[in-house]
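Each of the next two complexes has chain A plus one more chain, namely chain B in the first and chain C in the second.
Moving on to the complex of A and B:
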């Protein structure tokens, strides 16, 4: 049962990933990308990691894809199509992709995966405790660094958005 | 995954028990035996899941049609009219007849629309609403999918629905639909924040995201009583933001009739229009159901008066949800529509700061154990 579900999800992800890069209509490829991301969420559900699956759905499907769709709606007309790349560039891209696949496959096949018999679901309280613990293996430092980074990004966004108004006020 | 499947199978038994009644548990068991007697276990599981899905689809369509009827009667009541009361007793079959009419209508579309995305869009809205419905605890037994991140999963699912609206608006190749879709995107992205934060306030009290455990905590008094002042503030914010999330008046800039025709579904006709329409009403019910679960004790009866009869849980749940649905209809027919800038001001300058302060107050109350418990 799980095997069948995995192959369905994997097939779905691969075919939609190919469709996403080969489609010449912009919004369609965004939607194919959305299906790929949902497939990733499905894989997380399959390994019983519900929290990460929901994060995947909220952040990628609900957040980033909506933002991409938004920018497509603003700049793209329904009749426009993306232009084909030059043959020279296509060849270079193909070689780069093949190299990337090679590196991935080599890592995957050389790594010794261990099968864990009785797995338990990671609960949100475990994740929260780990994020805030300052013992060995705790994640308090990265957590704080990321929060400072996000704060800086937010202030930066506000300053960029209000830039002109702020300057006028300081001049007066 | 396997655990989930087993959970589904258990919920089949439970759903039958709660739908057919307590004395028919023999019948339920015989259905289970009949299913697993006829086919191997894996097939029986799949058939069981299909049955669950069909039951939920049934609930989806019946509840949607019923809510449309209620909306029309309430609207008529507010405007001193009578409303639809001819088809069936008190107009009960009116929306059924409307649905039949919509099925028989021609499906039209605009020229040079992106047909694939145009046809795909309603399903995003429908499927996200249907998945959210599966999490709602109607009674202790009648809950299809009791995942350990319940509330968070609901928020995640509800953020997918807006993609359908954006796609439908863009793929119609119509300027009104496009403007409606853009407004919808702005509105949903901003108000999702308030929905999430107001629910987070209540999570501080429950200490769990799982819906069944949230109900369990409320056996010592509903959360709106336990958390008193900050809980009431959180409830008000949740209802305002929930109304905005479902794109209902007074926040219906998405389909403002006087400005945009019908907004993002201007170009949809027949059954595809009905999908959007039904999903809107189901979303309203889901917002009311989440509020019922998180603030008003879901299927728990007031003061535990019918605790010995668990089958009455459905009645209490639906009664509470219907009161909240009525509240949202009351909003719709009372308040004038906001402008877009007023809408964004309300969210970012008022609701969000109040919400953040509210979380701190709630944390203080939980820390100092100032909770009211009966």
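Moving on to the complex of A and C:
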């Protein structure tokens, strides 16, 4: 049952990913990306990391997709067709990517992963305790650094998007 | 673990997703499309972290925590990129890569 579910998810993710990078309509490719991200959340649910799946849905599907749609609507006319690369360049890139997939898969399948059979369920309180512990192997420092980084990114985004230059031009 | 699905299957899936993202990154001519491809690449790597954590080292949480950090950094990066794109569009009325010449100032 879970196997079938996984293959359905995988098929959905790959086909929507290809659609997202090859669609000529901007807004549609964003929506295809949304489906890919939801497929990733489905895989997190399948391997029993509920907290990560919730984060994936809220941050990616809820936040990032909305931001990108917002910028698409601000920047584009909705009818505008995208300019694509030259066919020759597309083919060369596709061949290079297939080559890369081949190298990756060959390396992966020749390595013997020592898989441990387990059905450990990770609760949110485990993740929280590990994130805030300052023992050896605790993650309190990166946690704080990330919070400062998010604050800096937020202020930076406001200042950049405010556009000082534009105001000066309109004043003159 | 997912019943009946080996680690190789999932790693194959994430590899394919990663290279689709790389393909989009190299062929698209538009800043927002490039952003979409970057999100796809980041997501494939997040799944890899989580899967390796779950299948090979189930009693630690490092992979999960790192994937949370990756998601946070990706959110910050997207917010900044969207801000830059909007500002650029107001200055040059275009988000094509070839028109982007004024980022110096």
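Keep in mind that, in the parts below, the second predicted complex is superposed on the first by the 133 of 172 C-alpha atoms of A that agree within 3 Å, B and C clash if a C-alpha of one lies under 4 Å from a C-alpha of the other, contacts with A are read in each partner's own complex, and residues count from 1 in each chain.
One rule holds in what follows: contacts are C-beta pairs under 8 Å (C-beta built on N, C-alpha and C of every residue); 3 or more make two chains touch, one makes a residue touch a chain.
Worth saying up front: this structure is predicted, and the values here are computed from it rather than measured.
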With the two structures laid over each other on chain A, which partner does A:109 touch: chain B (first), chain C (second), both, or neither?
second
Scan A:71 for contacts with chain B and chain C and give back first, second, both or neither.
second
Who wins on chain A residues touched, chain B or chain C?
C
With the two structures laid over each other on chain A, which partner does A:62 touch: chain B (first), chain C (second), both, or neither?
first
Please work out whether A:49 is in contact with chain B alone, chain C alone, both, or neither, and reply first, second, both or neither.
second
Contact-wise, after the overlay, does A:12 reach chain B, chain C, both or neither (first, second, both, neither)?
neither
Going by the contact rule set out at the top, does A:2 touch chain B (first), chain C (second), both, or neither?
both
Footprint overlap on chain A, comparing chain B with chain C
1-2, 46-48, 51, 55, 63, 70, 72, 74
Please give the residue numbers of chain A that touch chain B in the complex, ascending.
1-2, 5, 25, 27-28, 31, 34, 45-48, 50-51, 54-55, 57-58, 61-63, 65-66, 69-70, 72-74, 78-79, 121, 123-124
Looking at the complex, which residues from chain C come into contact with chain A?
1-13, 15-24, 26-30, 32-33, 35-37, 39-40, 43, 46-47, 50-51, 54-59, 61-62, 64-65, 67-69, 71-80, 82-87, 89-91, 95-96, 105
Counting only contacts in the complex, chain A reaches chain C at residues 1-3, 6, 10, 13-14, 17-18, 20-22, 26, 29-30, 33, 36-37, 40, 43-44, 46-49, 51-52, 55-56, 59-60, 63-64, 67-68, 70-72, 74-76, 82-85, 89-90, 93-94, 96-98, 100-101, 104-105, 108-109, 113-120, 122, 126-127, 130-131, 137, 139, 142, 146, 149-150, 152-154, 156-158, 160-161, 163, 165-166
Given the complex, residues on chain B that touch chain A span 1-5, 42, 45, 112-114, 116-117, 120, 147-149, 152-153, 155-157, 159-160, 162-163, 166-167, 169-171, 173, 178, 181-182, 185, 189, 192, 209
